[in-house]
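Both complexes below contain chain A, partnered by chain B and then by chain C.
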Partner chain A sequence: MSPVHFIAIPLFAAFLIPLVGKVSKNLVKLIPGIVFLYLSYVAITLFPIGIHKPIVEIIAGFKAPFGISLYYGPLAAFLTTMITLIGFVIWLYSYKFIIREPIEKYYMLFMMLITGSTGIVLTGDVFNLFVFLEITAIAAYSLTAFLRDKDGAEAAFKYLLIGSFSSTFVLLAIVLLYANVHTLNMADIATKISSVPLTTRIFILILFLMGLGIESEMFPLNGWAPDAYSQAPSPVGAVFGGIVVKASIYALMRLIYLMFEFQSVMHFLVIMGVITMLIAEMSAMRQQQIKRMLAFSSIGQMGLVIIAFGVGTEPSVRAALFQMFNHALIKSLLFFAAGYLVFHSGSKKISALDGLGHDKPITSFFFAFGALAIIGLPPFSGFWSKLYVLLSVANSGLFAAVALILFSSVVEAIYYLRVVSRLYFNTEVATDVRRTPVSGLVAMGILTLVILFVGFYPNLVLHWMTPAANELLNKAAYIKAGLFH
Partner chain B sequence: MISIPYILLIAFAGALLSFVIHHIAPKLRTPVALLTTVLLLYFVWALPANSLINIKIGDFILTWGTTAYGQLFGMLVAVLGFFTVLYSTDFMASKERLGYFYMNFLFVIGGMLGIVYSQDFISLFFFWEIMTWSSFMLVIYCCKDAQSIGLKYFVFSAIGAYSILIGIVLLYSSMGTLQFKNIFGHINEISTGIKISVIILMIIGFGVKSALMPLHVWAPDAYAVSPSPFTALFSGALSKMGIFGIGLVLFKLAAHTGFYSYVQYTLAWIGGITALLATFYAIAQTDAKKLLAYSSIGQLGYIIVGLAIGTPLSIAAALFLAILHAIFKSMLFMATGAVYMRTGTTNMTEVSGLIRKMPISFVTALFGIITVAGVPPLGGFAAKWMLYESLIQSGHYFLVIVIFAASTAAFLYLFRYIFSLFLGQEEKEWENVKEVPWTMQIPMILMTIFVLVIGVFPGLLLDPISSAMQYLNVKPFDYQMSVLFNNWGGKVDMQIVVRSIAAVFILLGIFITIKGYRNTRYVTTKDIHTSGEIPTENENLTYAVDFYKPFERSIAPLLKASIDKVYTLTGDIFEQAFDYLRYVYTGNGQTYAMYVVLFLAILLLFSELIFGIIL
Partner chain C sequence: MRKVIAILLLAVVGYYILGTLLNLPFGQKATGVGKYYLDSTIKETGTVNTVTSIVVSYRGFDTLGEVTVLFLAATGLGAILFDKKGKKRSLQNASLIVKTSSKMIYPLTVLLGAYVFVHGHLTPGGGFQGGAIIATGTLLMFMAYRSFETNHTALTIIESLAGLTFVSIGISGLIWGYSFLQNILPLGTPNELLSGGIIPLIYIAVGFKVGAELTTVLDTLLKTIKG
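Here is the complex of A and B:
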């Protein structure tokens, strides 16, 4: 068993799907499911090994630093497992949700996107990282426009426009990096980066910050996000919030921690995180469309993650990872529920959701559940991660950030609960004879159970978070494992 | 077998079960909920005094344990929980979404029990939040205005909870622990600035729940709009969680600091002003539930005064009043709920003359208002007596005047309450009103007996209170089963008081019976002459509208100056600002591209400021 399966299998499936599509559409729908089941098998087998000792996989026989290597340490183990889990429920949800042709293209792009994001997480080579970023981004652009309507196309175009900035910046940064250290292996770069002049390093850092900041929704680079989230099909919203953004923020943090651990960068990150969070939460407050609201909330949550990464202590990195995990689950749940609420009410508007709780109790329940969880109320998992973030931020003496996080939590509570009370307590009952399909309910049910379980037993996840956080912080160990495995 | 985790498990499992069973076998739902509260009552009652349990969750060790102080409030929650659920069985019978109702109801009870048994701040906050969101769910349970009211409640609660959380975070960052046993008594190890912030933040947080002015604005509406059984629990037990917290902060944290006297002084005055203003507001209400809500705010003000004064007698008075208020305010809300159930309204200008239709509710309401007023021989007297004594003793003469004014003014709204609903003219509209079913009568009767017994034997309640005070490190005070003492050697023997009152009543009864024995005749309200005219069927002889117009006119400026408007304005300004802010996201791709370029330019230009390097 090797971590390369995480990349190869979805990639293979992506090529297989159009071919199978010629034969049977139903078979196409099953392929991603099989892929995810296989990947979870891989994840389960590799997880216990990778968490203790990183597995370094050499591609094509060239040893590091010359060849491309995959690095499956605790962090990658955690992230690939998370991507597999989220991917699986997204597939389950899409099974009945995506009924519009061309189905095989949807699943093909989805598989490409999984390939890209697991690649970002696993790779130990900075150019390889760029390639996977591109794969992910291109799949994401196309998925945004999947519905082939005017709004979708417009959103995809905006995403493409801003995304191409991102690619340019990242590529420029890599070029500059290579020109200076003459290597692309991340572990090798980390050893040699200190010989690069400081101004160049800062310039490279700025380019990375710009490029990956766009993908990880940092303000003011996140203009693409609200449109892309709200115009793409609902499961794609979950793909963005649960997978794409998470992989990008991983890439950004990995590079920053590995190459540029200046104190001032960290402060800058905290400030950017706070600004991102505040502006997003405030903008979410008066949104008219539910998926747009969720998009802003997603950005806000990413702000919280950036803050926690920016603090840069072991507890805070752990809290950031935990928050990422919870956000991936909860936001997927919310997008899933919102997807069917929009479908049943026939409108994207929040005002169209009046009284839907009576007509569609289960879907509405899932939405309400997700809303309570993402606000950070106990006994759901979101409570613990927010608490950890707060405690770790406070331990570094950043009390103003604590106050601002809580301020934005109040704002968050207001707009989420507004929707929840609309669902249940407005009398206008819209009725829709169509029912929410079982596969969608099962997908939401799985997420709900995980959220609740982690809420009561946070150690389940936290336990693995400590080695993951240490991997990110302990540069020396990474270099050692990456170069001299 | 009987331990705290089981108690919590029963509460939360019962909650989920009643929700699930609502969809499977709706008939079993209410029995399940009722059984849960009975079990809880038994478990809480039988809980060993020295239970202590540690649970590792995440990095934290959650500690749950019994203290005399927690047990005092725990019993209160369990008893009230049982009574209110029993009351709900018939009150809610014809309502919708009962699974939802009972689930959240039991969540609230479970949350409160969790709070009182918490021995560390993480558990406290955890259960505090559970209690908050489940009570929010109950506030928005019905009625059309419920949404905005519920949201207001939640926003205030969230602000309160988060100020507690900032306090907790501050404590953690400076002490590295959140266990009560490591924090209480060691508070002086941290710097004064942090100490002050922690104490102020926590008092604000707990003050929101106990409706301390100016943080009370959510309370009248939230109390009025939530279903009556829950209002009883809300005002009775939930608001006491705020008191519970303030007690902890005052005596376990603040008492050891150098600035304790300032905290006491400020809090006492805030409590006093709350008591006075809330009473004035109560007088001006026309809705019975809102009247009771303001009355609750006022009573909570008294309790805060008692806690803040900090002499043994005043603390005893405060805790005594806290328990008693929970009981008598539940009685009043239940009586009001009974009226609502039969007439469909709590508007005091519409309902009148129910005394003969609903005698049990009337008696409950009567005993309730007598207790509120502090008239002997019911429990309220002992509470008020102790409070006044302690205030005079400690030299807070101005505060005594304020409290006394509030207490006297309270007679006005109490009279209005009982007069409008139960006395006055019997109207045709309410001719067919019947007394409520027995499930609703039982809690009312039991609580009525309770206030009577406590009035005669305040010692019954003072026993657990004095052990609770021991936990709070307060010196013991003198009392006997039915005798109260003050510091000058004066005493009140409740038995003598009761005997005298009983004697007066019996003599009066005998006198009336003998005198009117022959010519007793049943008289209705219309069976009279007014200036020689016989009133017609529709003529109104009693008044309920503009009940206290002259009084209201005299305090009009006070009523008009409402802090609520300030909050609404602030909220509106924020929302407007947010609305403008969201146009940062113009929806225009070119603008977004511009942002990217601008951001790059900023990073490059201000690189010295940001990264310390000039590029």
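Here is the complex of A and C:
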């Protein structure tokens, strides 16, 4: 049992899928489920080990920095476990979701989208990071256009163009890094980066900020996100918002904390986070389509996470991780529910949802639950993470940021409650004879229970996030474990 | 006005990019990881082609990732251009000269491709290059003969099996008690065909995979007319 299972097993399954697809299409649907179930087992077995002492796994038998190694520390343990478990739930949801042909290709791309994100989180090598970013990105482009309609093609093309810029920037940054320090291992780079001329370092940082900022939906690089989120099939929207963005933010923060720990970068992150959050929340307010609204809300939440990472104290990083965790759960739930609300109302428009709360009470309940949780009302997990973010930002004396976070929370409450009130308080009752499939309801139910559980016992999760936050802040320990394991 | 500002901004950015790039220490003796690779390739991997040993052995995990990227790109293309009814290629026939010479060149191209990927650890080239050469051979046939068809089922099976071989070689390293993708075979004598441990096996798998994949991609892209 070792961290490389997170990559090797899904890859094996992905190459197997075309063969299985020749035999039975139904069997193909099961494969990602089996893979994620097994990986959940691996994740749960490895988690208690990795959270205490980082596991550095060497690939191909060449020690760092000569070969590639995976770094499964507390942070990676936390994120891979989160990604794997949520990946399983999303698979459960998409099991009965109506998906167009060719379904074997859909499930293959879907599984690789999640595996790419796991790889980003696991790897200890900066070029390997780029490879996994590419895997994630290419799966994402094709899934955005999967429904083969005009809007989907447009969204995917936009995403492809911007994403290619992102890849190029990241690759150029890696080339410059390698040319200057002659190594690709992240821990090794961290030891040698101080010898690089300052202008070069800043240039590399800007390239990384541009490249990974696109994938992390940082303002003003997030123009692709609303289109991609709303045109991709709903389960894929959940993967984008719940998993892919988290992995990209992780990559950006890991590199910044490891290699570019300038004070001004941290200020820059706070400022960009605030702008991202404000603009996204204001745009979400104006949206007519439910999934676009969710996409903008997702960008806004990422802004909040970026602020907390930018503050850079131990409580704030922990709060940022907690917020990422909660957002992954809640945004997946919202996308799940929104997917079936759109399906039942037959339109992507918010105005078409009038009275659906009476016709489809369970799905609507899940949406309302998710909406209340993401606003940050007390019994739900979203409350705690937002509170901790606010507290940590306030403790650093950034009261302007606190005020703006509170302001955007109000905006968030307005647009979410507007949708919820349309669901329940509009008399014009829409009816749809089709039912929401059981697997979809089970997936939403699981997320709901977890959100409620974490809401009541936030310390259980926070307890695991303290080592993860420390790992990000303690550069020396990362270098020591990464190079001299 | 906006254009002037944009040009000025670009000039500033360009100045700094140029400054950074000019500072790059190019053309000097390899240091760091690069020097280590040059010094210890033959001893550690039994491969005389250093590039191959880096691509397949030292950084084999990246190559597995790149193979996956290509696989995803081909699959994604197939998914986006999927059409239940099926499509046809252009109906125009090539001239007799092109047809006849294509028929002669095609087997030679495939042979050259196979040579390149089989000898990936000895001579320049390797799995990706060999596979691409094979795909150009089929492209020639596609262009010359409108009736030339590839067997899609066979291509899918080749693609899958080749990918599975690559991952299985990696996993067998784990099963043998080493690390993922670690060499489990004897290294042999450098410069011989049977040397380099698992490197030739991986490159043969990659060659088959890339050849089949690019052929599928070309086939999908060339079929533009509704059938």
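Rule of thumb we're sticking to: the second predicted complex is superposed on the first by the 483 of 485 C-alpha atoms of A that agree within 3 Å, B and C clash if a C-alpha of one lies under 4 Å from a C-alpha of the other, contacts with A are read in each partner's own complex, and residues count from 1 in each chain.
What we mean here is this: a contact is a pair of C-beta atoms (placed from the backbone, for glycine too) under 8 Å apart; a residue touches a chain by one contact, two chains touch by 3 or more.
If you're wondering where the values come from, they're calculated on a predicted model, not measured in any experiment.
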| item | value |
| --- | --- |
| Which of chain B and chain C A:Phe425 touches, first, second, both or neither | first |
| Touching partner for A:Phe12 - first (chain B), second (chain C), both, neither | second |
| Partner chain(s) touched by A:Pro379 [first = chain B, second = chain C, both, neither] | first |
| Which of chain B and chain C A:Lys22 touches, first, second, both or neither | second |
| A:His182 touches, of chain B and chain C: first, second, both or neither? | second |
| First, second, both or neither for A:Phe203, with chain B first and chain C second | both |
| First, second, both or neither for A:Ile135, with chain B first and chain C second | second |
| First (chain B), second (chain C), both or neither touched by A:Pro220 | first |
| On chain A, positions contacted by chain B and by chain C | 199, 203 |
| Chain B partner contacts - residues on chain A that touch it in the complex | 154, 157-158, 161-162, 165, 169, 198-199, 202-203, 205-206, 209-210, 214, 220-221, 223-224, 226-227, 262, 264-265, 268, 279, 282-287, 315, 372, 377-379, 383-384, 387-388, 390-391, 394-395, 397, 399, 402-403, 406, 409-411, 413-414, 417-418, 421-422, 424-427, 457-459, 462 |
| Interface residues, chain C side, partner chain A - complex | 16-17, 19-20, 23-26, 30-37, 44, 57-62, 64-66, 68-69, 71-73, 75-80, 82, 84, 153, 156-157, 159-161, 163-164, 166-168, 170-171, 173-174, 178-183 |
| Chain A-touching residues of chain B, taken from the complex the two chains share | 56-59, 122, 125-127, 129-130, 132-133, 136, 140-142, 144, 146-147, 150-151, 154-155, 158-159, 162, 165-166, 169-170, 172-173, 575, 577-579, 581-582, 584-587, 589, 591-593, 595-596, 598-600, 603-604, 607, 610-615 |
| Interface residues, chain A side, partner chain C - complex | 2, 4, 8, 11-12, 14-19, 22, 57-62, 65-68, 101-102, 105-106, 108-109, 112, 119, 127-128, 131-132, 134-135, 138-139, 141-143, 145-146, 148, 153, 156, 176, 179-184, 197, 199-200, 203 |
